[in-house]
Each structure stands twice: as C-alpha cells, then as structure tokens.
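The structure under discussion is supplied below as structure tokens; questions concerning it will follow.
We call the chains A, B, C and D, going by the order they appear; numbering starts again at 1 in every chain.
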Amino acid sequence: MTAITTSRSRVRLFRDQHVTRLASILVVLLLFFALVRTENFFRLATWQSMAVQFPEFGLMALGVMLTMIIGGIDLSVVGIANMTAIGSATLMLSIAPTGSDSPQGYLALMAAIFFSLLVGALAGAFNGFLVAKVKIPAILVTLGTFELFTGIAVIISGGKPTSGLPPQYGEVMASRLFGVIPMPLIIFIVATMVIGVLMYKTAFGTKLYMLGSNETAAEFSGLKTTSLTIRTYMISGLLASVAGLVMLGNYNSAKADYGSTYTLLAILIVVLGGVNPNGGSGRLAGVILAVVVLQVLSSLLNTFPHISNFYRPLIWGGVLLLVIVVNQWDKRDHLARLFRWKGTTS
Amino acid sequence: MVDNVIAVRGVSKAFAGVQALDTISLEIAPGEIHCLAGENGSGKSTLIKVISGVHAADEGTIELNGKEFSKLTPMEAISNGVQVIYQDFSVFPNLTVMENLALTAELAEHRTFVNWRRMRRIATEAIAKINVKIDLDAKVGQLSVAQKQLVAIARALMSDARLIIMDEPTTALTKREVDALFGIILDLKSRGIATLFVSHKLEEVFEISERFTIIRNGKHVITCLPEELDHKKFSFFMTGREFDDARFTPQIRATQPILETSRLSAHGAFSDVNLSLRPGEILGITGLLGSGRTELALALFGSLKSDSGEIRIDGKAVVLDSVRTAISHGIGYVPEDRLTEGLFLERSIGSNIVISEIDSFVSSLGVLEQDKADAEAQRWITDLRIATPDAQNAVSTLSGGNQQRIVLAKWLATKPRVLILNGPTVGVDIGSKHDIHRVLRELAAEGLAVIVISDDIPEVIQNCNRVLVMNAGRIVSELDPTQTSELELATLMSKDVQTLEGIS
Amino acid sequence: MRALPQKLVRSNEFYLFLVIVVLAIVIQARSGQFFTANNLVDIANAMVVPGIFAVGAFMVLVSGGIDVSFPALASLAVYATTRILVDAGYEGDLWLPFLIVMAIGAVLGSLNGWFASRFAVPVLIITLGTASVFSGIMQGALGSVQIPNIPPAMSEFGRATLFVATNPDSGLTSNMPMSFLLLVGVVLAAFVMLRYTTFGRGIYALGGDESAASRAGFNVRRMKFWLYVIVGVIASIAGLVRTSMMDQMHPTNLLGMELMVIAAVVLGGTAITGGTGTLTGAMLGTLLIVIVQNSMILVGVPTFWQGFALGVLIIVGTGISAVQLTRARKRKTALI
Amino acid sequence: AGGTSVPEAGAAGDGDYTIAIVPKDSTNPWFVRMEDGVKQYAADTGLDVYQKGPAETDATMQAQVIQDLIAQGVDAIGVVPVDPGALETVLKQALDAGIVVVTHEGASQENTMYDIEAFNNTDYGGFIMDNLAEAMGEEGVYTTMVGHVTNASHNEWADGAVAKQAEAYPNMTLLAAEPRVESQDDGEVAYQSAKELLKKYPEIKGIVGTSSFDAPGVARAIEELGLTGKVFVSGTGMPAANKGILQKGLVKSLTLWDPADAGYALAALATLILNGEEIADGVDLGVKGYEDMKFAKGSDKVLEGNGWVVINKDNVDEFGF
C-alpha cells in the first residue's frame, strides 16, 4: 500500500513542472559547485555551516508558505521569532541565573521551549483571529503585528541583547547527531516532516488548499473557515517561534532586531518555491528546494572571497526572474520529461 | 455563396491532446438567427473563440466581409462586425454600468481622453436599445447575473455589429427576460444583424432559431431548418442517444415530513414561508429572479439568518445558524453559481468530491486515508458518469456539465437526507441534464427529500411532484405539475403581486 | 444619483478622515502642538516622499498587482544619477538631474513592465525579483557608498522653500519645502490620468477583469508595460526628492519602505485585489501613517514603546475600516 | 576563554596567511574607509587580506558570513561586531576550528583573542559631551540620540556622555521625559525626530548624537527651525560628509577615529598572533594611534589605542577622506 502511494506521489511530484525546474537548477548548481570549488564542496564544514544557517529562515518560510496557500501572507514571522526568543531567554535567565547547576539549567531549557512554542502559537492565533474574524487584509494585519511583536520585544529587552543563557541551552542547540548533523538541521527536518504530513496526509492539509482556492465554496462545503484560518496562522506563529529558538541557539542571545532581512527572504523563497500568492496551490517540495537552492547559491558565492556580498540579492532576484522566464519558455515541458522517467520506472 | 456575414471553412483546432474542432464549416447569412448546438465539450465555445479571434485555428479559414482570414485577431474580428457576448459576460465588476457600456465605444474611437458627459449619453442610448432599466451609476459587480448579462448585451449592440454571438445567453435569465432578449434579437434581425447563439434549452432553440448547426466531438453533424427536426431527433443528433421524457412520480414512504417551515421570514428577502417536505419527494420552487427563492434556500442551509418563524426537522424545531449545523442535520445545498460558490477550480476532481465528507476518511491516528478517499471519488465519477481521464486533474479542465456533476457528487457523498439544488442544470446540455434528472429521481426513490429551485419550467414540471411558486418574497401558490401547463406556471411566476394577493 | 452626503458617509475615506481627526485631537490634547502652523508644515514635509511613492503603489494596486520594487528602483536610479553627476562635477541646473533620474526610472520601470506584460505571473513575484536585482546592482555592481556632496542644484532644490511657517508661541519656524509642489503635481497628474484618460480608465478595467479588458479592445500588454514605466518614473522622482532634501545620497535610506507604503494605500481603501480605490483614500492613508510615525515624541510615547504603538495603530485603524466594511456588506445583503 | 593560546592550525607560522576582515556593513562610508586600510595592509605585506561584510547591518547576516569564512578555512578573522552577543557562538566555532579571531569595537566579546579599541567607549562618550558642553556654554537641557536603542556601542557612548555631564557639568540637565531617542541610523528620521523633540520640549539646548547620521540630521532640523546658534548637536562623523554643516557653523565639532587605521591594525594584530608572537602591553600595530597599545584596566584582552580626532571647520580639509 505504502509503496503504491510513494511511487504515485513521486510521479506527481515530477509532474509539477515548477518543482522539476527547481530540482534541475539545484543539480546544475551543485555540479558547478563541485567543479569550480572542489575543495570546499567536499569539505564537511561547508555543509555543516549551511545546515546551521538556513533553518532560521527556512522555518519561517514554511509558515509563510502555509498562510500563502490559504490566500494570505504572514509578514510577522520575524517579529514573532524575536519576541518569543527574548521572552524565553528572559524566562531561562530567571529560572536558572548564571551559576545555576545543571538540572536547573535543563529545567529552564524545557520551560523556555514550552513557553516559546506557546507564545508563538498564541501570537499566530492572534493574527489568524484578525484575518478571519475582524476581516482585515492579511498583509495589513501581519505588518501591524510585526511592529507590535517587535515592539513588545523591545519593551521586554529594553532593546538590548538578552544573553548569558544557561550553558545547557547552547550545548543542546550546538550538539550534533552522530557528531555530524547539526541540531538546527534536525529541527528543520522534523518540522518539514510534520508539515509534510499535515499538508498531504491529513484532512487539514486538503482543507487548506481548498480554502485558498475558493473561500466561498469552502464555506458552502461546510468547512470551518474561521477556525482553519486561525489554525494556519497559529502554525505559522509556532514555526516562527521554533525559528526563534534556533536563532537563540545560533547567536546564544536574543534581540529585537535579529533577522530583519528574513521577512522578504522568506517570501522570496515561498514564491520561488512555486506557491501561488493568491492561494490554492504550491508544494512543500518546491519551497524546500527553494530554500536549499538559495542557501547553496549564497554559500557558493561566499567561497569567492572577492565577490562582494551585495551580489547576493542580485543573484537571488536573478534566479527568481530566471525561473519565471524558464517556466514560460518551457511550456512544452522538456525538463520535466527529462526527469519523469525516474518517477515512472518505479 | 453570396452575402454571408461569415463563412467558416474547414476549421480545426486542437489543444494538448484534445481535438476540440475537426474541420468544421459554418455559414451565416445577414439577419439570420443561427443556433449552434452540441453537448458539453463538443467544441461550441472553441468555435466561437476561433470566430472572434481569441484562438487561432490550426487549419481552415474564416471569411468575414468577403475577406479571408487564416489568422484572425480579436481587433480584426470586431472591426469586421463580429461581437461576442461571452459566457462570463466579460464585464468589469468594479466599474459602473455607464463605464462598462461606454468604455468600449471610447476605445473603438481611439480616444485618449474620456468625457464623462459623452459616456453617459452613450450609455443611456445603449440601455435604451434593449428597453430595460438599469441604474447607470451602479457598480456592475453589485448587479444580479441577469442584469450583468443585459449590460453585456447592451454593450455588444452598441457597435456596428453585423454578427452577434451569444454563448448561452439565456442561462441566467428568467422567462420574461428571455422574451425581452428574443424581442431584441428579432429587432436586430430586422436591421439585418445576424445572431449566432448557443443554448442548452430546447424550447428556446426551437422558438427563435431559423437554422441549426449541431456538432458532436468537434465534428459537424448536421445543419438544417427547424422544420426538419423535432426535440427527439435534435437530442439524438447532439448526443447519439435517445431519451424518454416520462414524468416523475414520487414513492413517498413516510408521511412524517422531514423538513418543515412555518411563517419563516427574513427581512427584505422573503416572508411567511410555510412548506413541508417528505422523504421521496421532489419539491420544485420556482419564481423569478429576486423573488426570494435563493434566499429561502440559503436560509434552509443555515447561511442566511431568518428573523422570525420556525424550521423543523423531523418535527423538532431547529436553529440553523451555520452551514455546518445544516450539514449536521443532513441538509445539502448545490449552489446557484457553481464557479464562485461550488467549486475549487484549480484543485483536483477527487478532492472536490470528497471535501465535505473528508473528515470521515481520517483514521483514528488522524491520518487521511487517501486511498479510501480516492476510491470514494472514483465511485462518484463512475456513478455520475463524470467524463475525465484522471481524478487528479483540476476541476477547471472540465466542461460546465461535468463540473455541475462534481458539485452534485460532493453533496451526495455526504449522504444527505435533504438536498437543495439551486438551478441544478443551468448551462448543462440535454444529455447531462437528463443524467442529472435521472440521478435526482433515483435518489428520491431511495428516500431522499429533494428541493429543486429552478425557473426552467419544463424541468420543474417534469421532475417535481409539487411546485411552489414564489413571487416577491412570498409563496403565492402550490401546484400539482400534472395539472398545470407550462404557460400557467409562467404566468403565475411573473404576475404582479397585487393581482395575486386575492388568490393566495 | 444618490445624495452626496449619504454617499460620503458610506465611503471609506470618510471614516479614515474621522480617524485622522480624532488622532489629531488626541495629539493636540497631549502636546498642544498638533495644530500649530509649523507642525502642520512639518507633517506636510514628511508626507512628500511617502506620498509620491503612494501614488505609484496605488496605480499598481488598482491595476491588480502589488509592486514592492519601488524603493529599490528609486534608490538605484538616484544613486546612479548622483554618481554620474558628481563624477562629472556637474554644477548646472536642476533639469538635468531630473531628466537623468526619470530616464533611469523609466528604464528600470520598463524591466518591471516587460516582465509584468509578458509573463503570467503575479506582479508581487516579479517585483520581489526585480527589487533584489535593483538593490544588488546598486550595492554590488555599482558598489554604492554614501555620497556626501550632491550636485549643488539638487542641494538647492532640497532647501528651496515655498513659505516659512512660524509658531507664534515658540518662535520655531518650519519650511514648506518646494518639493511639496511636486507631490501635488504628481497627485494631480495621476488624478487626471486615472480619471480622464482612456489609459487611466483602462488601469481600473484591468484591475477589474483582465481578460474582459483585453476582449474590450484594450491592449493589455502595452498598457501594463507603460504603467510600470510611469510608476518607475514616479518612484525615481520620490528618490530624487529624498536625496535632495537630505542633502546627501544614502543608498539604503529608502529600502524597506515598501510594506509601509502599501499598507498606507490599502488602509486608504484600495482593494488589494485590484480595481477599486481612490487617490484621495490613498493620500489619507499615507497621511495617517505619516502622522502616527511623526507624532510619537509629541504624544510622549517612550522610545521603547513606539514600535508597539505603531503596531496597535495599524491594527486598530485597519480594523475599524474592516469592521465598517463587513457591516456595510451585511446591510446590503439585507436589502436585497 | 583561553585567549592567549596559540592556534594549532596548519597554516600558522608558514607566513602565507589568508585574513578576512568582517565589517558591520559596507555602504557606510565608515567601512568603505576601513577597507582602504585593509587593502593598504595587503599591499604592504603581500598577504591575502580582504574585507567581506554582510549586505546590511544585521547581526544574523554577519554571523553567516563568518560561518562561511570558517567553512572556507581562512587563517584569521577580524570582526567589527554588529552585536557581540550574537557572534559568541559562531566565533567560538571559529576558535575551535583553530582560526585566529580578533575584534574591533567589541570590548564585551568573550570568544575573541584580542579586541582592539581606538579608545575607551565611556571616555569617548565623555569627550562627545565635552564638545557639546562647550558649545552650549556648559548649561541647559540636553538629550541623547542613538542609531538604534539596540545598538550597544552607541548606548555606551551615550551613557558615557551622561556620566560625564553628571560629573563635570552641574548646570546641564538631561531631559527626563525623553532621555534617549532613536534615529534608526537614518538621516531623515534623525531630522524628523529632532524637529518633534524641539517642538515638544523648547527647553532643549543640545543633543548628543552617536550614529554618524545623527549630527547631520539634527543640524538640518536646527537650521530649519531657526534655532541656529541656540541649539547644538555633537557626535561622530566623517570629515568629508560633514564639511558643509561644520563650515556653516551648524555643528561646532565632531569626533572620530580613522577607520582605515583600525582596519590596518586589526589585520596587523592577526598576523602577529599567527606568527606566534607574544602580545603584550605596548604592542605596536604599525599605524598611527596604534603604535603603543595598552591593555584596558583589568583586562588581558582589550587593547586600547590612544585617542580620537576632533574635526571642526578649521581642520576638516586636512584629512583627505
């Protein structure tokens, strides 16, 4: 049974031309990387460094993706991440002030994670409530709450970095599975799998797409549109708070203005991943590929020390425009056919 | 051939894998009223798009005004007197009636600046031509479907058209409006303007057409005069099948009504509605647009709040405050406008069918059992003969008739006890229409209580065992269709309320 | 025709206006400074750049798109212009900077236009891409740095004053900048274009239903192309104004304004789905945001609380008009 | 952290080093100037020394640049941290990987071998205050402005200025209602906020600026409001960018240190460590102001140079940057 579903979903995956094209871009990119920067390419540290970086905005992009699928958007993810990170850092400091013993530290760690996720979910639900119940356009709601959450973060922290966390937190977040796979990557993979199951293996996922496709019809079909919307923004908030925890680990501190460039980056990723900004369509695989493509590209770029970092947005934007052009040019679907035999032979 | 407005010669057109048109030829004389008929997906709309320059034909030519085109652009079509009234009307919902009417004229004259006074004058004249009253300053998006169409028609008539093409112009019009439209068409004829139109309503086709062209699977079947055909033959040419037109007789097993209302009222929509429905019945509700029929349906489906009165299900009073409550009481609703209210166009056929019952495919672990859902969808695809190669295809790839079956399937899949259908066969060809009616009858026979809201009088008379006529928000009479002629029904629907006051 | 007062009361602009009045009264009560001549002039001053941007953002929104590239476009155009003129040691009149910046704005806008008219992809996506490309070109390829000494004509224009408003109590003076006229000019030109030209009505038509527009005989491709060219020119004007008024070229000064400007226009009643909205509303929306941003200290909101207050105001402000809209819709359904 | 341990990286001591200097961002003329010093050092020594910063002043982006530098296996990294706290983790990784890490303007950084400061932050703030006090005639109400309330060094300078006033200028008072306003590192915001401040609090006679955007923005407001000669501003600024306001007398004096020298010194320090030389009090980094570095009081990590520069309308043309 499972064999059938996997082979079918694989076929379907490669039927999505957009995903195919992103995959081709990634393959070309990796080949280029391997040929031009062989030494870096085969160095484990290169990949570990990437694996620590992209989960931060990758997790936010997952949330933005869900809200975009239901026809909304979430510009507040960075605000939620910073607010929850500062909140939980403050909480950790109060439970286990500097010099506390290790059990105390682990207690603080658990409390902080729980607190972060809870506040993230609440903040997301607040967005959802304003969108679904008060019926303010999502872009305005989340722009407003971005300011609001960032404002709360500034108020709690007095604008200063909150640091001096119990060492247990840093240890856990910096630990590596089998001594190789960094924690942030594990968190990202787990989150991706959970979201994947949610999107493709539960009724909730199907309903999300339906809601994004036609809200009136969803209402008439008896879907609880209000609750669906609230839950979607809630998940987005939850993911943002996980991103906040990852950032808290990566920087061993939290601050109201960390990751200020991630909002547009997350949207860029989601859109590059093929999610329709009007809602109703888009695939998780596309978004994941987009995250990886951008990260590989930017790390590749960094191996050329003399190319300024400012070329990064140029290249990211260029990739996005290129995908648009290729999608148009490749209406006949050559690329997909190239890939498809892999799917159908199974 | 002399003096054709248009001559289509051997036009073919294929879309990825589908031969939509296969060497079709068609000629229309000035002033001729020509009907294009065929099943859903037979290629009518495609032919129209080729004639109006929207699609380029793969093969064949089109002659307009004596000029031969193999690749026609929309502007060339318009400047040669071809005007199309599209199925979606192609109006601007955000602009006023006046602008909708006048903008095209301003454009046609290649004006750089618009003059609002001139636009008002143009619009007033245009509306006057079709002899209806529409507020020129109203936003078109706020008009009813019928009014939108009138705007579209008025706009098409403004230019120097020699051929007006209407793709299913009467689907959303009431009898009275259809009569008005036919008056206009005849008036055009007298001015030498030809009309090509598509309709799935046989009565109308026979009433107005001077010549038919029937196509099937993109191929030309026959072009002939109305005298050479009757309804039966006509249907046969279209579908290659034969139909019987037996009337519906209910098998009512329970005497206890499943759904009742007493003195149900909603402010500004309907008032004092009393009705009762038993399992196995098909109750018709008919009335003109704006008579309150849709609002009544919405109230019974929990989507519109009623102010006073009572709804009873199985004899117990209930408050239907949301769609979900209604669904939980076993009520289903097939909405009037399937595109905006019924379907998730870019989603798959399968998920469109199972969406309302999707929670029942969730295992105890919370995982969606996709194979069960797929099987359910496949069952309905087979049962309702939905023509698709793959349930994974988007609903937007289907024609109207098949789309309507999807909406029907969605509701049947929830195993409702009461099914309310609002305009169930609008824009659906006779083959599909017959299939849908057959399904409804079978369901009623199995004990489903059905309400059919329709202003398609033959449909109501043939398929219902009781008919309620609504007029200005009230039920003005209840009829036995076996005792009522189509004419009587039409008269009741459109009579002014004052004269009816005494009767009811 | 409906009675004018009734129409007015139903309109979004009216409520927005009320919100602004209430806010102004609150600020006045808290600071005693809102309704002073020089404060009003200061607000007008602060309104110039966002106001000009809002006109462009408004036109794109009406046509059914969302443009997020205008700050990057403006920055690149002004940076290139200033660089060229400074390197050439230009000492001449103002017309040349304007000409160059508008030409560059038009070229960059035409890139947006080319994509928007050729590719069936939401404009948001396109402009996310071009915005990155524009700022990448400016910062990477041109290696942008701040330029402290801008051409004298630009500095003079930045300092040029229409009139000076004096607060009789404090004796403080504020200059009504010459560039305010530019805002007025851009708004008027946009108004005339949107209301009295076929092109302008076409933009509304496009936002209403694109395929209907093309069937009605609009050349949709050409219209979109020119729309983005115009928007590019408008944005570049705003950029030049900002650089002149700051008396220095700061490449990243404008970046990040896009979301706030779009929010202001949407707050003004422009539908995010296109087709509806008025310039009056867009200007009122911008005014509201500008007042909020520029009155925090007057009201005495502590620095740390300013972000929070701005967030609350956006939510409450949009919430009021959203609730209003929902009510109006309910009322309408009841009438049918 | 064992700051003085000599790295065991393979490249150490072989004399052919790759050194990356990571500034806060690069559009700011400050860091453009710093790059001049870095390039100068590369030219003087023939080593592979380059500057590579994040695209925007963003702590997280800066951390990622460092991540990538670690992955590339550079020999030394010299950082001007946007936010020291945010870099601890990544700099620790760099140290663990055997990379030499030195910082500038990061006195609070833990995971660094040495930090060089052109001066002491508190003293520098005090010096900004001296300049302002002189302009204000040592009396009147003043307030402070920082780029962001989240910017550590700006806040230290501002705190230093306030402390200096409390100690040395009894006739001056800090505006209690708005002791610290934000310019968001944006000249336009500095200008608008200053206008608001001066409207609401007519008693203000001076503003301590910190960010290089503050003084020019505030000066613009002072000029427009007709307060030239009545209200004063001081702060940090580059000569060329502020020539105009200095010559017009809107600002009496600004303070700075030459970032090019700091860049040069940072690279020189890294080379010394890579060569295994001992870093002691009085170490000479080969550039003016950094010839005789002293450890800060109570620290074996923070090296302080001597002094900052004051620019005014008389000497503004002498710098050439």
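In this section, contacts are C-beta pairs under 8 Å (C-beta built on N, C-alpha and C of every residue); 3 or more make two chains touch, one makes a residue touch a chain.
Quick caveat, the model's predicted, so the values are computed rather than measured.
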| item | value |
| --- | --- |
| Starting at subunit A, fewest touch steps before arriving at subunit D | 1 |
| Centroid-based (C-alpha) most distant chain relative to subunit B | D |
| Two chains sharing the most contacts, counting C-beta pairs only | A-C |
| Centroid distance [mean C-alpha coordinates] between subunit B and subunit A, Å | 44 |
| Intercentroid distance (Cα basis), subunit D paired with subunit B, Å | 73 |
| Centroid spacing, where centroids are CA-atom means, of subunit A and subunit C in whole angstrom | 31 |
| Distance between the centres, which are taken as Cα means, of subunit D and subunit C, whole angstrom | 35 |
| Contacts with 2+ other chains: residues of subunit D | 26, 55-56, 149 |
| Residues of subunit A engaged with two or more neighbouring chains | 154, 158-159, 308-310, 312-313 |
| For subunit B, residues contacting two or more additional chains | none |
| Chain-chain contacts as defined at top | A-B, A-C, A-D, B-C, C-D |
| Subunit D partner contacts - residues on subunit C that touch it in the complex | 31, 33, 36, 38-39, 42, 46, 139, 144-146, 148-149, 166-167, 170-175, 242, 245-248, 250-253, 293-298, 300, 302-304, 306 |
| Touching residues (chain side subunit C, partner subunit A) in the complex | 68, 115, 118-122, 124-126, 128-137, 139-141, 143, 259-260, 262-263, 266-267, 272, 304-315, 318-319, 322-323, 325-326 |
| Subunit C to subunit B touching residues, read off their complex | 1-2, 195-199, 201-202, 204-205, 207-209, 211-218, 271, 274-276, 332-336 |
| Subunit A residues touching subunit C - in the complex, by the definition given at the top | 75, 130, 134-137, 139-141, 143-152, 154-155, 158-159, 264, 267-268, 271, 276-278, 308-318, 320-321, 324-325, 327-328 |
| Complex contacts: residues of subunit B adjacent to subunit C | 54, 74-75, 78, 84, 86, 88-95, 99, 103-104, 106-108, 111-114, 137, 141-142, 267-269, 290, 295, 304 |
